[in-house]
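What follows is subunit A paired twice: with subunit B in the first complex and subunit C in the second.
Presenting the complex of A and B:
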């Protein structure tokens, strides 16, 4: 694994590879969760997980490069994530209202 | 200026009538149709009378130019109407006889109890408009428009009973054969423009060369083909008998009195060209004479009363072609006028009979009508005698004028005299087939299978036009006396000579001999038919020559030959085209594109499984693939 150097955390330093590794783990957890889980709520949670993995890399590189844009963009992503969660949950609530769905595979009417 | 407006009103009144009827046919009341349909024609007749009085007084031609229609470089086309004595003469026939016939139709078409009633008068007014446009046109474009539109209205009216297959087939046949003539006329106009760079009559006639040249002949022959197709002359005649599928007033107006004489008008109108084009001009006379004879022979064996009249129409128009083809224009136009009178009379009389016989047209199933339909019978007899050319009816004077002029035309290798001989023979045959028609239909005992035992005479609205036409047939002869007789009374010639010129040769003074012979033999033939068909004193002539009867009944096999040569050939070409061009290429291209799109869409839609995780998997897999490609590219780079 290449050396991404150190980042400043408070008074100490942290190996960037650790942070990136954590982000990769979080992202893969989220992606696999979306792929294999069938409960729609859990899928939404997994999507949040992937978004936050992306946020973590953004913050990490922002701190490393002393560039605030990354942090700002993280705020933006969180806003979008919140909005997405609202919309997604609203859709789910609507679906639940019509029929009792606990498995997204049941929602396959739009197949070709 | 006022005359200019009158000429335009004459043209536009029937057009307005047709338009109103077309737009309101479904809602308009029959009472309004009865007024409007013939009304606009009669208003047109009034306008024509104004123009007629003016042309009698001033005599000069008026070239009314309303506006410049097209101006493009050297090409300039004014919207102009030519009002001279020839077009006024034709307008009198079209609106006068036309008015009588359209009025007659008010009664004849009365059993059409739906919107077809208005539809009929809409077509009739459209026809009158087209015909007026044809005769009033001052340039070749208007001429072609009128020429094509009379063909259209003829098509619409032949196919008026569109639920009858035979009517539709006849309409199509008439239209196709007319279009042959239309194309020839258009080509003639092209040739004229290419040669003389003119579109108006005045311009063209002013630009003609002094002597005959090949281009003049080409133009002359093209014009002649146009005239032949419209006037049902050999060899483009087969549509006219079939056109009798149309209602009887249509046969009277379009296929006897006006439209089919358009070819005669065309030759008269284009006389500066035909006077130069010797061969085209002589061919017109030859075709007229042959048609007159051929049609008369076929007329002898027809059994449908309207078809007998149709063949006699062809025959009489052949006389007109003979006249104008020899340069005796006034004679041709006098016969046109006379024919409009007596042939319209005959058709309308036949219409009365057909009406009384519950639409039966086979005259062998009539018989004995003289006692029951006396007024119609008398009128029909007068019309028949005029057709034969019996003194003092109009047919006598007009036919004798043509034959006399042909007889006396100075020698061109005896060509005019040969034409006269054919015309003479035709006149005798005319007497025979007319006599046959008259005796079979009206005389003798009622046929055993006659559809109606006690027929009723037609209502006044149908009888009055017939009576008026009878009167015109009786007195029309007072217009003109054969040049062979030393009586200086030539109203038709004097009226038309400013346009078509005076007769370029003087009579020999011996014309009374052929005239007397024609009158005598025609009359004898008329009477002889009685012995063949009513008293049956004489054996049927067909028993002696059955092959001739067969030949005539098959109409010289024209239809069969055309069917074999043109229709079958075109069917074959169409079938080949259908199999090898239409299906694989023309249909194949769009259906092929559609099939490819459908197959592609079907295949692609397999990927749309509807399962959320499949999409996610593809998405994630795609992202990973993209990442791998980028990383590999970087590593390799």
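Presenting the complex of A and C:
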């Protein structure tokens, strides 16, 4: 049985597992950043990092399966990420208009 | 090691270093600039994986537009430094636990993973061209495509409403007129 995990790239091949590993490392870095950082802007940046890692897996499987749907879905993901960034940053600017926040734990008014 | 593999390794190392910069930087502006580095190196990997159009979109829209929006907000809000905090220290341990569990899970997954055979009737040379992306977006995936445009419209309207401080346009106009009169 041939190893379908080798993606043909130009003259050589690329192991799909390596690309998956890179995506995992980036996703974990983003998740750890969301957990340990307290600056709201940095948390948004870390979410973008996780979205990029997910995009990488979609693109990789599109190339591995010779199937365009992964790339089309990546375009949708980018749109959603842009919308999320716009709304998130607008909320942040609105909060900062009222008071200075350098720690998301200060924003606990909605806690039940 | 062939040339594509060498390019992949260089870009992967750059992306991981950028990711570390995102998480470890003390100043938000360095985090944002590190994320731009991650996105640019990932875009080169996209190009290797025959996603030409997504490569262009990643550079222009993502690294260009979205990140400039982040930089703009960081510049608007001024420099912010994180102070050491005493509460929620357990999140450090929790994050290490999350990283170890997630990494081990994926490692175990990769040990026994088998990949499905690629679709034989599609050549990888022509995958991801503008022509193919356009045909896909405007035929099979027309409705999702239109729905994302509506999502962008909703996000734009919401952002404008939020950045006015929750006031409507006529209220903003009236307040400006009152300020003009009192000045």
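What we mean here is this: the second predicted complex is superposed on the first by the 108 of 112 C-alpha atoms of A that agree within 3 Å, B and C clash if a C-alpha of one lies under 4 Å from a C-alpha of the other, contacts with A are read in each partner's own complex, and residues count from 1 in each chain.
As a convention for this text, contacts are C-beta pairs under 8 Å (C-beta built on N, C-alpha and C of every residue); 3 or more make two chains touch, one makes a residue touch a chain.
Note that the structure is a prediction, hence the values are computed from the model and not measured.
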| item | value |
| --- | --- |
| Most subunit A residues touched (candidates subunit B, subunit C) | C |
| Partner chain(s) touched by A:20 [first = subunit B, second = subunit C, both, neither] | second |
| Subunit B versus subunit C as contact partner of A:35, first or second or both or neither | both |
| Which superposed partner A:44 touches (first subunit B, second subunit C, both, neither) | second |
| First, second, both or neither for A:108, with subunit B first and subunit C second | first |
| First, second, both or neither for A:99, with subunit B first and subunit C second | neither |
| Where subunit A meets both subunit C and subunit B, residue numbers | 31, 35-36, 105 |
| Touch list for subunit B against partner subunit A, complex | 604-613, 616-617, 620 |
| Subunit A - residues contacting subunit C, complex | 3-5, 7-14, 16-22, 24-33, 35-39, 41-42, 44-46, 48-49, 52, 55-56, 59-60, 62-69, 71-72, 74-76, 78-87, 89-94, 96-97, 102-103, 105 |
| Subunit B contact footprint on subunit A (complex, rising order) | 31, 34-36, 43, 104-105, 107-112 |
| Residue ranges of subunit C in contact with subunit A within the complex | 2-5, 8, 12, 15-16, 19-20, 22-23, 25, 28, 31-32, 35, 38-39, 42, 45-46, 48-51, 53-54, 57-58, 61-62, 65-66, 69-70, 73-74, 76-77, 80-83, 85, 87-88, 91-92, 94-96, 98-99, 102-103, 106, 110, 113-120, 122-124, 127-128, 132-133, 136-137, 141, 144-145, 148, 151-152, 154-156, 158-159, 162-163, 165-166 |
